[in-house]
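Below, chain A partners chain B and then partners chain C, in two separate complexes.
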Partner chain A sequence: MTAAQAHRTIDALWRIESARIIAALTRLLRDVALAEELAQDALLAALEQWPRSGIPDNPGAWLMATAKHRAIDQLRRQRMLARKHEALGHELEMAQSDNDGRLEERADEAVGDDLLRLMFIACHPLLSTEARTALTLKLLAGLTTAEIARAFLVPEPTIAQRIVRAKRTLAAARVPFETLRPEQLRERLSSVMEVIYLVFNEGYSATGGEHWVRHSMCEEALRLGRVLAELAPRDAEAHGLVALMEIQASRLKARIGAGGEPILLMQQNRALWDRLLIQRGLIALARGEALGESRGPYLLQAAIAACHARAASPAETDWVLITALYDELARLTPSPVVELNRAVAVSMAYGPAAGLELTDRLAAQGVLRSYHLLPSVRGDLLARLGRYEEARGEFERAAALTHNTRECRLLRERAAACEDERDEEE
Partner chain B sequence: MRVMVIVKATKDSEAGVLPSTEVLTEMGRFNEELIKAGVMLSGDGLRASSHGVRVRFGGGRSTVIDGPFTETKELIAGFWLWQVKSIDEAVEWIRRSPFRKGSEEIEIRPVLEAEDFGERLTPELRAQEAGQRARAAGKS
Partner chain C sequence: MLAYMLLIVEAQGERRLRAAEEGRALYGKMLDYTASLKRRGLLLASESLRSSAARLSIRAGRQSIVDGPFTEAKELVGGFFLLGCATREQALGLAAECPAAEWATVEVREIGPCYE
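Let's turn to the complex of A and B:
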């Protein structure tokens, strides 16, 4: 075996095993920073030994055992230190040997719960969203600081700093590694889901030159989401999140044109949608809905995405159902963006005039003043009503608001098209 | 990246010998592990080649040949689609599969992505190719 081969194997193993090892060590040590450090130590030991001795038969178990030994050594050292300070006698030593037995035992308990608890720690509400995201990708997806930096278009030291600070915050607050009460579980799960969906959107929204690199964030998020749904199989929203991401990811190849320009859902070539991901999404949605809870925001958004995924064309879409789902979503998480999407659905189900009325209300509230999609949608609805002059004005406004140069060009083209239509009418 | 993990046929699989309960249990456990890690996208086993046919083209004609086929090593008995970070990761996963105790040969191949074709695949061709794939999968 060459050193290069050993390195490739070890990289791959780290990807598969690191989260479980760090989680198991965190349970033993109650210190996530130290757990990660010792897990890394085990990895270094492998890098040193394997090129010479060959890769062991069960390399995953080797890494886990090596890391655990280090953790137990560490605990013994800490105890010795404590004992020296307290100068306790023979009695404690008896208790000590008994404790060691239990240590080994504790080290071998099931890892599923550990992984979920590690997710809760990495996504702790004490941490900023940015810190949670970086820590989750590092500890649970096994990404390097450099990989995270590349995906988020930030310098590597910035990410490294974020991670160091996050660990310090966790240590200072003595965040426990334990099972949560049911009433806490819901809240902490949504914190994890928020981070996962944020990572997904980081990849999904990428349209720039390196967008293929950043699309890998969608894969990371999907993977974390699938892991979470297996760890919390009775949580309907976890399945909802997976369903939403699978279905959205199915459109990745269709949503960017040959020139790199973004293509909106209605204009996408549906033949480019990934059928395998759609099927997976629909299955995840059914699993979530089968749990019979009232639907949360992820399940509702997934149900909406599923309506599109099932339809062969925009015209064949069940817009009445989508409108009803948006009504439910708006009641649950009222927001101007949901309202705007609802307006689009209403316009498809009940005609552009009904949709326009809803956007009038939004425009009057002035809440989405700097959001280019409001005038963009209004322009679309006005054009469908044949009110080209007003439509042109809205598209111009939208073009001025967007920061994306390609989108800007697209909107100016639509404005120009409206002008042509108007001129033809005159 | 997406990879196809191809399980080559063996004498047993070609003879239609189905795996024992023990092997099935182990395979179930392995699949469970893949699902829990978010790696497995899909997978299936195939019937022996005696149930299959080959369609051979040449000279503008097509000939249908009924199975079974010989040269076992070139036949496949099953496949998975996995989502992994690298082909090395797929190798590490297959190393812990129940096959580690057998004598099967497994081939791992990355699925070709549209961007692999570069400019050779025009947007029109891309759409056409994907359209065919969608029809083959059946519209759901």
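Let's turn to the complex of A and C:
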């Protein structure tokens, strides 16, 4: 084996193994920064040994065992030190209240709980959303600082600093020692889900960055979501989040045209949708709904996405059901964007006039003033009602608001088409 | 989405040589492996396959169906795992954890178009 081959293998394995290793070490050491450092040491040991000795039979287990040995050594050293310094010793006693004999045993306790705890730590409410996201990608997705920086179009030192500060905040607040009360669990889970969905959307929305980087963000988010749903199988929203991401990811190939232009849901070639991901999404949705709680925002959005996924063509979409789901979503998480989507669904189910009425209300409220989709939707509804002159004005307004050049061109074309229609009528 | 498939390639007839209890124990190990892939969010789909098979082909517009067992075949695909992982190295690393690697062969294949 060449050194290059060994490096590639180790890099690849780090991505999928590091989270479990850091999680296990965090439980032993109660120190995220130290856990990551020792896990990295195990990685360095692999880089040093594998090119000479070859890749071990079970490389993931090798990394875990090596890292745990280092952690246990570290604890023994801490304990010797603690015996010398009684004050410190007392604190350690409280943290690790068992003897050396049990250390090895404890190192093999359930990995799942460790991982969930690490997710809770990385997404702790003490941290800003940016810090949570960076820490989650670093500790749980195994990305390097450089990769995170590239995904978020932020300079690398900014991300590095964000991570260092976050770890410091966690240590100062003694977060790894925290035990959660049952009522805190829900809140912490939603914080984790929020971060995962944010990472997914960073990949999904075409705000910039290299193509493959964005796709890999979607994949990482999906993977973390699937892990979370396995760790918290009784949480309906965790399944809802997975369902939503699986179904949205199923359209990744269909939503960008050959020239890089965005293609809207109704215009997508449905043959390009990934049936396997749709199937997985529908199963996750069913699992979430079977838990019988009242549906939260992720399950509702997943149910809406599922309506589209089930329809073989736009015409076969169950818009009445989608409207009902948007009603429920709007009651739960009222927002102008949800309201706008509801207006579109209403127009498809009950005609453009009914939809237009809802967008009139939004326009009158003065919300979404700089959001190009409001005039774009209104333009579409007005054109469907044959009110071409007003429609043209809305499309022009939308074109002026969008920052995406391709979308801008598309909107101007629609405005021009409205002008033609109007001229024909005269 | 990048994906790899692990195909479990078994020696023809080997299943029949095993005691039922032993077969079930190996199957149990494979279920544990499946669960560990799932916990890491890496499993897209997996199934194990029964030995009985039928082969269908159409030549010059004529369809033929032949029922197994196919004594001339040395091997059979005993099951598969579809993995949502990004690189060959990851797929090989996960294949190395597969218990079946000890009694069968784990073939690692990348998902992609079927023309060369």
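As a convention for this text, the second predicted complex is superposed on the first by the 406 of 426 C-alpha atoms of A that agree within 3 Å, B and C clash if a C-alpha of one lies under 4 Å from a C-alpha of the other, contacts with A are read in each partner's own complex, and residues count from 1 in each chain.
We adopt the following convention: a residue touches a chain if its C-beta (ideal position, glycine included) is under 8 Å from a C-beta of that chain, and two chains touch if they have at least 3 such contacts.
This structure is a prediction, so every number in the text was calculated from the model and none was measured.
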item	value
Overlay on chain A: chain C relative to chain B, clash or fit	clash
Partner chain(s) touched by A:Arg280 [first = chain B, second = chain C, both, neither]	both
Which of chain B and chain C A:Ala312 touches, first, second, both or neither	first
Chain B versus chain C as contact partner of A:Arg15, first or second or both or neither	both
Touched partner set for A:Leu224, first chain B, second chain C, both or neither	both
Contacts of A:Ala271 with chain B and chain C, given as first, second, both or neither	first
A:Leu252 touches, of chain B and chain C: first, second, both or neither?	second
Overlapping contact positions on chain A, where the chain C interface meets the chain B interface	8-9, 11-13, 15-16, 58-60, 112, 219, 222-227, 230-231, 276, 280
Chain A residues within the chain C interface of the complex	8-9, 11-13, 15-16, 20, 55, 57-61, 111-112, 115, 215-216, 219, 222-227, 230-231, 249, 252, 274, 276-277, 280
Chain B - residues contacting chain A, complex	35-39, 41-42, 81, 83, 85-86, 88-89, 91-93, 96, 114-115, 122-123, 126-127, 130-131, 133-134, 137, 139-140
Residues of chain A that touch chain B when the two form their complex	8-9, 11-13, 15-16, 58-60, 112, 212, 219, 222-227, 230-231, 253, 257-258, 269-273, 275-276, 278-280, 282, 309-310, 312
Interfacial residue positions of chain C with respect to chain A in the complex	1-2, 38-42, 44-45, 82, 84-90, 92-94, 96-97
